[in-house]
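Supplied in structure tokens, the structure appears directly below.
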Amino acid sequence: MSKIPVGILGATGMVGQQYISLLNDHPWFDVRFVAASPRSAGKKYKEAVAGRWQLVNTFAAHVGGIIVEDANDVNRAAAAFKKGECSFVFSALEMGKNETCALEEAYAAAGIPVISNASAHRWTPDVPVLIAEINPHHADIIPMQKKARGWDRGFIAVKPNCSIQSYMKPIHALAQAGFHAQKMFVTTMQAVSGAGYPGVSSLDVLDNLYPLKGEEEKSETEPLKIFGSIDNGIFRNAEFPKISAHCNRVPVIDGHTACVSVEFAGKKPGSMEEIKAIWAAYKGIPQEANFPMAPKQPIIYREEDDRPQPRKDRNADKAMAVVAGRLRPCKVFDISFMALSHNTIRGAAGGGILNAELLKYKGYLG
Amino acid sequence: MSKIPVGILGATGMVGQQYISLLNDHPWFDVRFVAASPRSAGKKYKEAVAGRWQLVNTFAAHVGGIIVEDANDVNRAAAAFKKGECSFVFSALEMGKNETCALEEAYAAAGIPVISNASAHRWTPDVPVLIAEINPHHADIIPMQKKARGWDRGFIAVKPNCSIQSYMKPIHALAQAGFHAQKMFVTTMQAVSGAGYPGVSSLDVLDNLYPLKGEEEKSETEPLKIFGSIDNGIFRNAEFPKISAHCNRVPVIDGHTACVSVEFAGKKPGSMEEIKAIWAAYKGIPQEANFPMAPKQPIIYREEDDRPQPRKDRNADKAMAVVAGRLRPCKVFDISFMALSHNTIRGAAGGGILNAELLKYKGYLG
Amino acid sequence: MSKIPVGILGATGMVGQQYISLLNDHPWFDVRFVAASPRSAGKKYKEAVAGRWQLVNTFAAHVGGIIVEDANDVNRAAAAFKKGECSFVFSALEMGKNETCALEEAYAAAGIPVISNASAHRWTPDVPVLIAEINPHHADIIPMQKKARGWDRGFIAVKPNCSIQSYMKPIHALAQAGFHAQKMFVTTMQAVSGAGYPGVSSLDVLDNLYPLKGEEEKSETEPLKIFGSIDNGIFRNAEFPKISAHCNRVPVIDGHTACVSVEFAGKKPGSMEEIKAIWAAYKGIPQEANFPMAPKQPIIYREEDDRPQPRKDRNADKAMAVVAGRLRPCKVFDISFMALSHNTIRGAAGGGILNAELLKYKGYLG
Amino acid sequence: MSKIPVGILGATGMVGQQYISLLNDHPWFDVRFVAASPRSAGKKYKEAVAGRWQLVNTFAAHVGGIIVEDANDVNRAAAAFKKGECSFVFSALEMGKNETCALEEAYAAAGIPVISNASAHRWTPDVPVLIAEINPHHADIIPMQKKARGWDRGFIAVKPNCSIQSYMKPIHALAQAGFHAQKMFVTTMQAVSGAGYPGVSSLDVLDNLYPLKGEEEKSETEPLKIFGSIDNGIFRNAEFPKISAHCNRVPVIDGHTACVSVEFAGKKPGSMEEIKAIWAAYKGIPQEANFPMAPKQPIIYREEDDRPQPRKDRNADKAMAVVAGRLRPCKVFDISFMALSHNTIRGAAGGGILNAELLKYKGYLG
């Protein structure tokens, strides 16, 4: 089977680099088109990232030789699409919200599906915010989105903020088992890579940490869209759980850690062991259909009192698994636990690739 | 007025060093007696700490020349007491719980008041756990303690765990104003100095953080004793607030930061501005009587979205003030905020000295 | 005696903030004029730095109320000068080299002495690069500079790069004692604050370090001007020592550390003890005349095998002393040692203030 | 071909863990015997390391089930040897020097070859200190060692200190090309993992660094044994290069970085490009014979001005390659450059495995 040719928008930025690195040996997708800001356009990819490549892993040799296109020039992408060099794009655009919205829509209008890491469309009512194990059925809004927008083949699907990835799957697993979170407290300790490069100044995090006001609202509201339902072509948010979030930046390179306390509505789990068993058995379509980027076990539970830890646990199962720990009865709500997710892999490019695998599996990528 | 001669038990350890450094120029107290483990006994203090002194500030020249006594030898302290070289001791002992309990009691029985940083006696029913602004009236158990124990002049008073210092004063200020916390969620991000020296391995906190199970119970229960009452010669715990704590070690040298959410029982503050005004006006005996170690304003509120921060705020007002910030309505409870306290100064030696100043003021130190 | 009114150019940047903080209680100088970029001009200083203030210490209340001027508008400074609000300026400008050169010259031409932290004029042949203990006689080029430039009262004096401050005084002390360094190897480990704010990305220094090519040439050549002589109205560089420098950025907030090896020309010190005695006795005009900002002892030697250390030693004597250690015979040259200097205090604003004290003492500041 | 059964002495310590992790899928060697302190003896390996496992990678399932032996009990190893469960051992013992010497000799006397990471035997005159690309011919002392000691099959071979690994190969490559280093200055910036676990206190390296006196002599003298020759059954040290070393501990997890300056004796390289070409072409037996643990290219040169960097370069080619950079003419000697090596892989367990591969290839492991 020949691989599907894919493009990367914002290919020279940090998330774009991560996409390219993770797709080096992907069995389904092959990077054939890269686009970035006008500054990089016209250069070979390897020249465009010289001195700016941030990752420990490098990029495939053939990607290094691709000429970078101007991401604003949708016609070039459309031409590549017609020549069979680009079936869909991963968007890692780092523009302002309005520009990103408009540009991603232009790609979709030009017939090119857009699987986006950008936050711009997260609250667009007909755009799904996908976590492949949790709400794969939200992809089914795509035909409605296409129809309403008058788009032929193109569409837009996005992923949520990296800060919520660690606790959404443990909560979803319990909900599937009949234990519905009604109220939650979440305190996140977020890695510096979440702010891109150069991002966080060393003077702000050496021997220091600081609150992240802007992340708190996202952490409180995005889960409600993900747990929501499709209603007449748009998403209707879930009402629960009510979430109160405290977000912090800490001197950790990769890996967002969350301290979580939950009160259930109605039925409560009988024991901590029951919860651990639910988490251990939790699986979604990515696991059942054995997607290339899927972690075998989406939630790994560590019994040690001092886990999870970002440096030791963030890379679990290709950095795609959530690592949970410290599950215990809560003095005020029902349970407390911790959970950890790799923010630039599971929480960004890896999550985007998993979404693409889901959309391919569901037939939305041709 | 001549200064009161004081002794330090555990004088060579990290908290002991902090006591000695902070007492360098104290207007009331003068270090004249130092005791430590048998290994250090017989050496001059400066020799005993050579290569082990951890602080940026050094010790007073006259302290460097004092011969270290064996802390286990209560007779030496009693002799120093008789010679007028030691009116009371600060205990920074780092032994096991049972040994510390026994040794501190032996000092008290020998007529020497013990103002302790050790955790051993925190749950002894007739030993007060003092935060000078919050429960100065708890000192009034001392005559009952002396009588019950058959102690003449000696007694034991302790301070709470450093992890709770940041949020206790903001909560107390609101309670004094009539707004009583009923339920609380607290997530702490605690500095490595809280574990002493060598304490936390660099391999555990470079690019990393980890949960601190052992601190969580202390954070949930000690506040109830501090908010409790004296009943028939012993302390009866308060029933509220119910606290759920998540504690974490983070790569910060000094300064424990807490993310706090509170639900009030009954009456609630009318606005965030009302709360800030309450905090700004908050004062206790240390402020009213202008104790040397007292911060002028026990709670300093910072309006910036990205404060408090440990590196920038921990040293506020001699590192004795709590710095709060990020006050906002909570999506689940009533309010959320952050608070920060210097763990080895306000949370350890500085807090102990403030307690001694309170006990002197109240007439319990002769 | 009334204080001399001084101005700060670039007052809102990191070095500018450091100047303002260090001058809070200065007995000779009083900040009365502050200037920065047009973006800040017209605001009160406290408003201009709101959310940008990087230091632990704050600024004097009266400075917070000063209206920030546009640093490009030399006429405003000249007017302030005429009104007696500004006798000279400290320049902490952060512009490009050519702009800085031109602007500093415009201030000098307007009659305002400029004591600069900027690197722009370091290689201008008639501008002295001063380290107050080492080459105070270089200030004597000022009358020649004024005359050649046709300046009445204004002149320009600068300070060297922060990376060389740690090893220049130990080398100078030995030279004064007759032991002249002929060849030197220097490896620096430099703090992130040396790059200003936001400066170094956290992603570049958490669990990492990197070479600093640009600092190496400065470290090799600036010492030769400082050890040089005035010849016909300009500086002639010394020929020795030949210096080979390796410079590195390390995850340290403040404090540049250098590992140094030296070969002497001709006479060599008889022993390590002789060298330590020379360093202990080393004094310059700042010490002899007891300048407010002068460290009592410019070189403090620590005998411990594991010193100097930036976190523990950078603040020695108001952060104005060099802390040396690890002196030993070298296997290849004559001696090896380490030395440490606080880069944003001694190496920047504190060093600038000390230079101003020297120039005042020598009568060049009216 | 069946794998050779191997044992690990000190299997529960940090280097022992690294051996076990790196041997998970080794094509030649299979861990079948593990020994540690009496405290661990009798437990399954997975139980012995529970809560002490420091690595991100875990251990093979079958190793987890092996019962840990008491490393002091040579008879158990001899029995395992007889049963074909252990052909030789990797020693990662963490005892005192004399005990390690004696115990490793006891294993050798019992017929078991010892490939050691311990420093104890580095200066034993008939024990080779091997870097597989540099001095594979030093292995040829083994028959002489056996004969002199009266050992039948057993022998001892060691590896050098991790601090010298980064610069030895670049120097050796130039020597092979006819350019012999005569004098060298080396300043190392060494990772905390070099001190084991718990090793370096976080209070010593957060926002800090410190000199490492003890590493300096090793860095100056071990190269002379490695560049030395076999003379009448013992090693005679080389006379050159004379090395002056400054060693420092820095807040980096893994990866020792060195700043190096070199003066050649006699013939000098014609250009920096010539040196880079020599490094690029450098190969040894491990590369020629394609050993499993061998890096394809022992020296990787990075052209970027800001490389090498430990976080980005330490894992190059399975963390077995040296990454060099910043080659330039030196102002005092002939050339300056930087080099970096992973201290716990190439500098410890990975280097030990490569040595075993060499000894197997040369026929010394049966």
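Per-chain residue numbering starts at 1, and chain names A, B, C and D are given in the order in which the chains are listed.
Keep in mind that, in the parts below, contacts are C-beta pairs under 8 Å (C-beta built on N, C-alpha and C of every residue); 3 or more make two chains touch, one makes a residue touch a chain.
Every value quoted in this text rests on a predicted model; they were computed, and no experiment measured them.
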{"item": "Maximum centroid distance from chain C, chain identifier (CA atoms)", "value": "A"}
{"item": "Which of B-C and C-D has more C-beta pairs touching across its chains", "value": "C-D"}
{"item": "Whole-Å gap between the CA centroids of chain C and chain D", "value": "44"}
{"item": "Averaged-CA centre spacing for the pair chain D and chain B, given as whole angstrom", "value": "48"}
{"item": "Approximate Å spacing (C-alpha centroids) for the pair chain B, chain C", "value": "41"}
{"item": "Sequence positions of chain A contacting 2 or more other chains", "value": "204, 206-207, 251-253, 306, 311-312"}
{"item": "Touching residues (chain side chain C, partner chain B) in the complex", "value": "50-51, 56, 206-207, 253, 304, 306, 311-312, 315"}
{"item": "Interfacial residue positions of chain B with respect to chain D in the complex", "value": "54, 192-193, 197-207, 251-253"}
{"item": "Sites on chain D touched by chain C in the complex", "value": "183-185, 187, 189, 204, 206-211, 213, 220, 242-246, 248, 250-253, 257, 259, 261, 305-312, 325-326, 330-333, 336, 338"}
